[in-house]
Amino acid sequence: MPYARRLLPLTLATAVLVVAWIVVAAAVAPTDATEGLRQRLTYLHPAFAILTLVAFVAGAFFGWRHLQSDRPLDDLRAYVAIHLGQIYCVIALLTGAIWGKTAWGTFWDWGEPVLVTFLIIFLLYATYQPMRFAIEDPERQARTASVFAVTAGVFAPICFGVVRLTTNLLHPQPLNDPGSNLPGTAGLAFALSVLAIGALFVTLWHLELVHKSTRIRLRKLQRRVEGEDAVPHLARASSPVTL
Amino acid sequence: MAPAPPATAPAAPGVQLDGLIRRRGERLVLREITLELPAGGTLALLGPNGAGKSTLLRVLAGLLRPSRGRCRVLGHELPRERHAVRGRVGYLAHEPMLYRDLTVRENLVHRARLLRAPIGQVDELLAATGLQRRASFPVAALSRGLTQRTAAAATLLADPELLLLDEPLANLDPVAAEQLGALLDARPFGVARTRVIAGHDPDAALAEADLVLGLKDGAVALLAAPAAITDAEIGALYR
Amino acid sequence: MSAASAGWGADVRTLLTLEWRRERRAPQVLPTMLLFSVGAFVLFRFGLQDGSIDGTLAAGVLLVTTLLAALLGIGRLWSAEEEEGGLDAFRLTPASAAALVAAKALALWSFLVVLHLVAVPAFAFLLLSSSLDAGELLRFAGIMLLLDLGIAAAGTLVGAIAAAARSRELLVPLLAVPLLIPVIAVASQAVSPLLEQHGGSVEGRWWLVLALYDGVFLLVGWAVSDGIVED
């Protein structure tokens, strides 16, 4: 059972990391001589992109666990991970487009594999909630959603490889050489951005998990106190309704 | 016809439920059902529409998981050991579970293959259900009664030890009902089978059951041997 | 172990026979996919005005038509299990869930191969301006087989997910199109040199990538088969 008391230390750690990240990225790291202010997007965009993939792979992991264990909590974990991944994916796409506009003078470039991959993955994951909502039986919904989470979670890295093969390389490779031609503080800012946005992800994930499971448990308690039929049943939902 | 007592009493009861709860989302469909049905016994399920009869049958068939409580079928814990009871439970559901475009025989042969039953059994069952002349009819062309007989034949493939019957004689004319009733009752080879029968006919249920379970809103409203049940109790069940 | 694997193979055979028998008794998937494909080729003939195409354009027209036709097959793949209770009946038997998923994937694969046996000559007749020699034809057929297997493996999963939903016809294209973009992209890269006027060869890496895609989705299908077949 996810409990709220872990939220405080998590939040504090995240706050420290986020503040450090903002300070280093905005003030400590020098403005790049050739790229100017735009270069500071390096401390924002790649971290969101990386964490998007982490979120979707985490969704696949919890989906897999749910298929094995059949515990509704694992389905809820997968749901929240994917839900946050969708938000991160939108941010990554938007910041990527801004980066593209400033760097290449265009918001969108079809020859750019990472951008195209993100669009494909975004399109796929955008069907997650409609798919869940369309399945009425909650158990069936959970199992089918886990099948989706595993399939899509395996698909995402593959999609990356394939699209990269079929298009020419333009995009900087942040994972291969983070700030190779940048001064030490820039490397630090990049590392901090991944850490801070990663910590933010974990905190938000835990927060939503606590929020959703508390609501479910509250309804359960209410039913126990007031009687099974006193609490109206939830209508169809796209998120898990039982624990 | 009352089922014969088991010739050699098996150690495991046919069905054993202890505080069985089944939820569908937030809705409680079965509330704390506890009962024990000895192997070879017949349990009659009574109750108004929506009382949870079909859900209970689906749980016993291993098609739905119990949400809480213990559920042992043929000595195996569900859902953990559900693979051990696959092929040993015959479930005659409301829907016929047949491919409409295929013929009667094709449906039965397909099911027999998956159940690892001898294909010769298909002809025996076609004869026993009086379907021989219709064996090459597609299921879509059959009347509801004949479809029900085909579904019953498919249920009896592989000699299931536990029969779960959801209103087995609905849609049948009296002669067909008698014929099918006999088929679903006695076991041709040796030991009588354990049966759970859901239905709306209290008289028939009381006549052939060893135990009667009355469900109302998913809860046990009545659980007794047929001899101990009064008309008033049956009436209260449907009120 | 050998008895169990023999049972597995026999189950797959039984289930695959069932798919083809149902398609023969009440032809639904194949005629629909075929008529749609030919209709789309005619449409392209007019849409592209001149309509004689080769190279990348030809590859794109053929593969996108294949994808759209496959969507029709994917949508029907699990419908009998849902509508006629076949899934419940299956779950009462000792046959393994992986056998059912494998049989569905093989059925879809064989449908797509049959589709291509007719649709590709129609495509060559209606639209293609270049011609292929025997070697190119063989390589082309190989790529199409791998592509069809990839579509079948991913499509089986999509069909199973969509089958659980009420609005399955709407969900299939939403789920299948993004999942199939990479395999269509790779196949397009692979076959477009073969469809050039002067011919060409397939780069080795495309074979590898297609085989990898097929393998991964077959593996995923096998791994999640219990999740598909259980409630």
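Should a chain be cited, it is by its letter among A, B and C, assigned in written order, with residues numbered from 1 in that chain.
The rule we apply is simple: contacts are C-beta pairs under 8 Å (C-beta built on N, C-alpha and C of every residue); 3 or more make two chains touch, one makes a residue touch a chain.
Chain labels with UniProt names: A = Heme exporter protein C; B = Lipoprotein-releasing system ATP-binding protein lolD; C = ABC transporter involved in cytochrome c biogenesis CcmB subunit.
Owing to the predicted nature of the structure, the values given are computational and were not obtained by experimental measurement.
Centrality by C-alpha centroid: the chain sitting nearest the overall protein C-alpha mean is C. More C-beta pairs touch across the A-C interface than across any other pair of chains. The chain with its C-alpha centre at the largest distance from the centre of subunit A (Heme exporter protein C) is B.
Once the centre of each chain is set as its mean CA position, subunit A (Heme exporter protein C) and subunit B turn out to be 48 Å apart. Distance between subunit B and subunit C, defined via averaged C-alpha coordinates, is recorded as 40 Å. Chain geometry summary: the mean Cα position of subunit A (Heme exporter protein C) and that of subunit C are 31 Å apart. Each of residues 137, 139 in subunit A (Heme exporter protein C) touches at least two other chains.
Multi-chain contact residues of subunit B (touching two or more other chains): 65. Contacts with at least two other chains are made by residues 231 of subunit C. Of all the residues in subunit B, the ones that touch subunit C in their complex are 61-65, 83, 86-87, 89-91, 93, 95-102, 106, 110-111, 113-116, 138, 154. Those residues of subunit B that touch subunit A (Heme exporter protein C) in the shared complex are 23-28, 31, 65, 79. Those residues of subunit A (Heme exporter protein C) that touch subunit C in the complex are listed here as 64, 67, 120-121, 123-124, 127, 130-131, 134-137, 139-141, 143-144, 146-148, 150-152, 154-155, 158-159, 161-163, 165-166. Subunit C makes touch with subunit B in their complex at residues 7, 10-11, 14-15, 18, 21-22, 25-26, 80, 84-86, 88-95, 231. Considering their complex, residues 70, 137-139, 219, 223, 228, 231, 233-234, 241-242 of subunit A (Heme exporter protein C) touch subunit B.
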